[in-house]
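Paired with chain B in one complex and with chain C in the other, chain A is shared by the two complexes that follow.
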Partner chain A sequence: MANNLNIEESPVSRLEGHGDLILDVKNKKIKKLIFRIPESPRFFEAMLVGRKYDEPSHISSRICGICSVAHTCASIKATEKALDIKPSKQTINLRKLIYHHENIQSNVLHVYFLAAPDFFGVGSVVPLAETHPEVVNIALRTKKMANDMVRIIGGRAVHPVRTVVGGFTKLPTKEEMIKMKEMLKSCYPDLEKSLEVLKTLDIPDFKRETEYISISDTSDYALYDGKIKSTDGWEIDDQNYLDKINEKVVQYSTAKHCWASRDAFMVGALARFNNNHDKLTDNAKKYAEELGLKAPCYNTFMNNIAQFVEIVQSVDDSIRLIDEILEEGLDEDKAMAEIKPKAGRGAGVVEAPRGLLIHDYTYNDKGRVEKANLIIPTGMNYANIEKDMHALVPAIIDKSEDEIKLACEMLIRAYDPCISCSTHFLNVKLVNK
Partner chain B sequence: MTFAGKNNSSKNVYTRTDVRIIGFGNKYRSDDGIGIRVVEELEKLDFFKNIEIIDGGTSGTDLIFLIKGCGKLIIIDAIDAGQNTGDVVNIKADDIEEFIKKDYKRFSLHDLNLSDILKLIKALKIDTNISIIGVKPKSIDFGDKLSQEIEKKIPEIISIIKKEINI
Partner chain C sequence: MNKPKVGVFGFTGCGGCQLEILNLEDQLLDLLSAVEIVHFTEAVTEHSDTYEIALVEGSVTTKHGVERIKKIGDIAKIIIAIGACAVSGGLNCLKNLYGLEKAKELVYGDKKEWIDSIEVKPVDEYVKVDYYARGCPPNRFEIVDIIRSLIVGRKPEIPNYPVCIECKRNGNTCVYEFGITCLGPISRAGCNSRCPNSVSGCGACRGVIDDPNVNAQKDLLKEYGLTVEDILQEFNLYNACKGKTIEQKNK
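The block that comes next holds the complex of A and B.
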């Protein structure tokens, strides 16, 4: 039993991107609880200033190896909005297709490599490969498939090069589209096996209602495009994100805290599910139901399950998209839209795997960036992570210190914060006072 | 600085076309981009024609896929193995076990770290012949240029890569 706890992760160099958890409990009451990530100040914004309109998407794609398609697409959308460029429907469909596969790449990595070891009671994916090789091999096969899809469409498995402002520098061939459809179909047996494994997991029983924010669209389960929607009942055009999403600096972290209708909100797969569950394919709905995921879901730990359901959704919807693209026929004349540099401002709002991602650029009349603002999903979740910890710790205070530590780690990991933070999160020093 | 291997021979017989060279890192974080910058230089050289050269960016897990089907994999990255800033380490295939045990630091990877990936490769019993060439960076602040001290190490790294290929 832990009446008094002092958990303080040793300060770790910001180079490694680790998070700090400081938890001080006296007589079972939280005296201090701070979650901070010593994230590097966002020099990327400064690096974009002065760049020509065709450069920001390539630079942005290098911000993160896991979210490179998301940053690329957010950047492209911001530029296209600012310069009034109208990409073809074919371009948008291909972007949605490549987007699905970054979501699969990232969700696979998180569900199987980072979260699953917690549930199986092994320290990391390395012992998991010994104890549950079938789980790791399913993950590798699925990630390989997603990598190959991104490579075929974007020209590279990460940091795609063909996805540019205005469209695509090169289109996949009809034969490649057919091959991709076959690759997708071959995933289903592994998804079925994963479903059986995930059903056996003991997801912690935790509930804390909060505000869930994601993009939302009338036509599909939105990842690439849509209005910004909240479970608190509002929906706004993505260009007006500043009307609702606020940022503030907190003294103890270089990362800003965000809030909208309340003092914190959550973004990510669970937020997308809570807002858009009715747009899932029937197959993905079936998986959600079998895994006990029902909207509205207020259990943060179920974010991992929502991520898996999204893998199914992305496989299903990719097949639909390929059929649609093939039916309409790939057309080189629609590969690139006309581009005329001009002054303007635009926001590119997408769903990165770990949540809402916003790029906001202002261009001058030479087509060069004058101002850039980037809001990343992990940053939006910081405040909500702290609120969750305030709810979780008192509920488990009678457990052992090791159990409390593990529960705190699992809760933070459930958010899928930027992966370098979560893999080695909490090299905790825990000292009883 | 070279890790003292028991021997420098590779485990498998391979030809030039079986060799894969992959640079990891973030080219917008100064010296962390050394792996990518070396890859860009290799692509200009006739010596490396017929050898697969890959810009791996910051996606480390994909190393698992890149290993399969190649006789020898050479990784170039920003690594702190306890050496001085700017010093180049050449961790040969026979010394990978030691590298894994020491959990040496790789910098900007937004993914599982290199040591974990190598452990996973071992756990999955994937047969490998990997060597790593690492440089300790001076700066990994945001910026699209290498520090002068690191830039001037590129010829040394290329020379080590040629010896590693050893064909």
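The block that comes next holds the complex of A and C.
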């Protein structure tokens, strides 16, 4: 029982970055609650200035190793928009394909390696390998499949080489496309097994309605391209993101805070599901239903389930994309679009695994970056994480300190905050006053 | 060394090197059974300050980072720098190139005083580094080989020959033929020439070999009508901190 509570958690582990949680409760009322990201800042917006148009995608890929394909694609899209470069349909299909597999790789990492140990009551994936080897083996197989796909299409799993402004430096072969389809088909039994495991998890009961923002497209469950859509009822062209998304510097954090229609919003798998659930494949819809995920869902902890549903969606849609690419035939002539350096501005907006990601570049007439603005998903979720904490803590204040600590950690982890793009991990220190 | 205690530590970087360890899929469980992981920011909650081997990812870019790396240096018997950011400062050094104060001002404006950020330096500017797993990202199999070598007590084999050797062995057409510049002739191999394999130029993310044949690189540039300046910007992507440009190396 904790009437007064002082939690200083620095850093929360198993976030791909570093975060501090400072929680001060007196007489069951929250006096102070701060989730902060003291990760050393990187200054990418400065690093990009002066670079030639073919370099930003390789530089900004290094913002995050876990979502390097997302940063690469956001960067490429921004440059192509600014320089008026038109990639071929084949290029876009291949980008969508590689994109799916970073999303799978990242979601597997998060669901199984980072979040699952909490549900199985172990500290990490290391003891989980001893207590639940089958679960870890499923995770490793699925992750390997996704990484191998990225290796085939992008040339390597982290920081892809072949995905560049204009298209691809090298195309996969027809044989590789067929092999990838076989790899995809062979992972369905593991998805079925995962489903049975996930059904047994005791997802915390929590509800806090907020604004959910993601990209959205008329044709597919959008990850690579679309308009920006909110559950608050607005939809805008991606180039006009500044009309809705605001950003400010806060003293206790190197990641900037964002807001849109209200004082906070959520991005990521759950936001995508809430906006685009009707675009899921029938198979993915079936998985969502069996796991009790229904739109609109206001339980942040269900973000993990939405991530798993997206794995199924990405496998299904990858097979469709491969069929489409093979049917049209791989064409070397369509690998690269024509590039002419010129002045201009463009925004590249995509769904990184952790949510909406925006790169915005202004080029001079020599094709060099004059100005860059980057808005990352963790920065967007920041304010919402704090709001969720304010809702969660009073509801569990009568539990033991360890339980409160764990619940707070799990809630933060549910967001999968990739803090390397800004941030570190939480270290909980509890002091009763 | 019998089942050594290993800590994996992240400094300023993208987390991609730690991810490459997790990307060992087929070998991950074997690795976890050969060593005892006592600290792994990206994957493990438990952490301990007792370890023999420290794998360090990222560059040191904050005052807080300087304290952390010195503490690791006091505890660890062996330090392995993993990835370009830890080894040479890597891409982070573009901040130094732009100018620290200017960068703070540009990104954080009048709030720049709130930000702890110092000149970017590689790990070995602060502590003795025993082994280097170079590259951006590093070769995950090379990381395993270094650890395996430490366990069985042999010297890990780190290539000290240029990427061109691997590239030729892989049967690639030289990318200069496609009008692409490449630092392969002077860059350290060990990546299996992965960028030229994908018809892209090598950016020397594993740094320069100990005794590079600078004249060969210059001759090659001349053959294709290029100058050192033409490739310097590319070289600076991963090597701006060390300041060992080709020209300086030659002096």
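In this text, the second predicted complex is superposed on the first by the 417 of 433 C-alpha atoms of A that agree within 3 Å, B and C clash if a C-alpha of one lies under 4 Å from a C-alpha of the other, contacts with A are read in each partner's own complex, and residues count from 1 in each chain.
Basically, a contact is a pair of C-beta atoms (placed from the backbone, for glycine too) under 8 Å apart; a residue touches a chain by one contact, two chains touch by 3 or more.
The structure displayed is predicted, hence computed values, not measured ones.
Clash or fit: chain B and chain C on chain A?
Clash: chain B and chain C overlap once superposed on chain A.
Is A:Gly123 contacted by the first partner chain B, the second partner chain C, both or neither?
Once the two structures are laid over each other on A, A:Gly123 reaches chain C alone.
Once the two complexes are aligned on chain A, which partner has more residues of chain A within touching range, chain B or chain C?
Partner touching more chain A residues in the overlay: C.
With the two complexes superposed on chain A, say which partner A:Ile66 touches: chain B (first), chain C (second), both, or neither.
both
Which holds for A:His58: it touches chain B only (first), chain C only (second), both, or neither?
second
So in the superposed three-chain picture, is A:Arg162 touching just chain B, just chain C, both, or none of them (first/second/both/neither)?
So A:Arg162 only meets chain C here.
For A:Lys170 in the superposed arrangement: first (chain B), second (chain C), both or neither?
second
Return the residues of chain A at which the contacts from chain B and from chain C coincide.
In chain A, positions 16-17, 40, 43, 46-47, 59, 62-66, 68, 109, 113, 124-126, 129, 136, 140, 143-144, 147, 156-159, 418, 420, 424 sit in both the chain B and chain C interfaces.
Spell out the part of chain A that touches chain C in their complex, as residue ranges.
It comes out as residues 11, 13-14, 16-18, 38-43, 45-47, 49, 51-52, 55, 58-59, 62-66, 68, 109, 113-114, 117, 123-126, 129, 136, 140-141, 143-144, 147, 155-159, 161-162, 164, 169-170, 249, 251, 254, 418, 420-421, 424-425.
Under the stated contact criterion, what part of chain B meets chain A in this complex?
Going through chain B, the ones touching chain A are 26-28, 55-62, 64-65, 105, 107-113, 116, 119-120, 123-124, 140-144.
Tell me, which parts of chain A touch chain B in their complex?
Where chain A meets chain B, its residues are 15-17, 40, 43-44, 46-47, 59, 62-68, 109, 113, 124-127, 129-130, 133, 136-137, 140, 143-144, 147, 156-159, 418-420, 423-424.
Please give the residue numbers of chain C that touch chain A in the complex, ascending.
Within the complex, chain C touches chain A at residues 10-20, 22-23, 25-26, 28-29, 32, 37, 40-47, 61-62, 64-65, 90-92, 94-95, 98, 102-104, 106-109, 111, 114-117, 136-137, 194-195, 197-200, 203, 233, 237.
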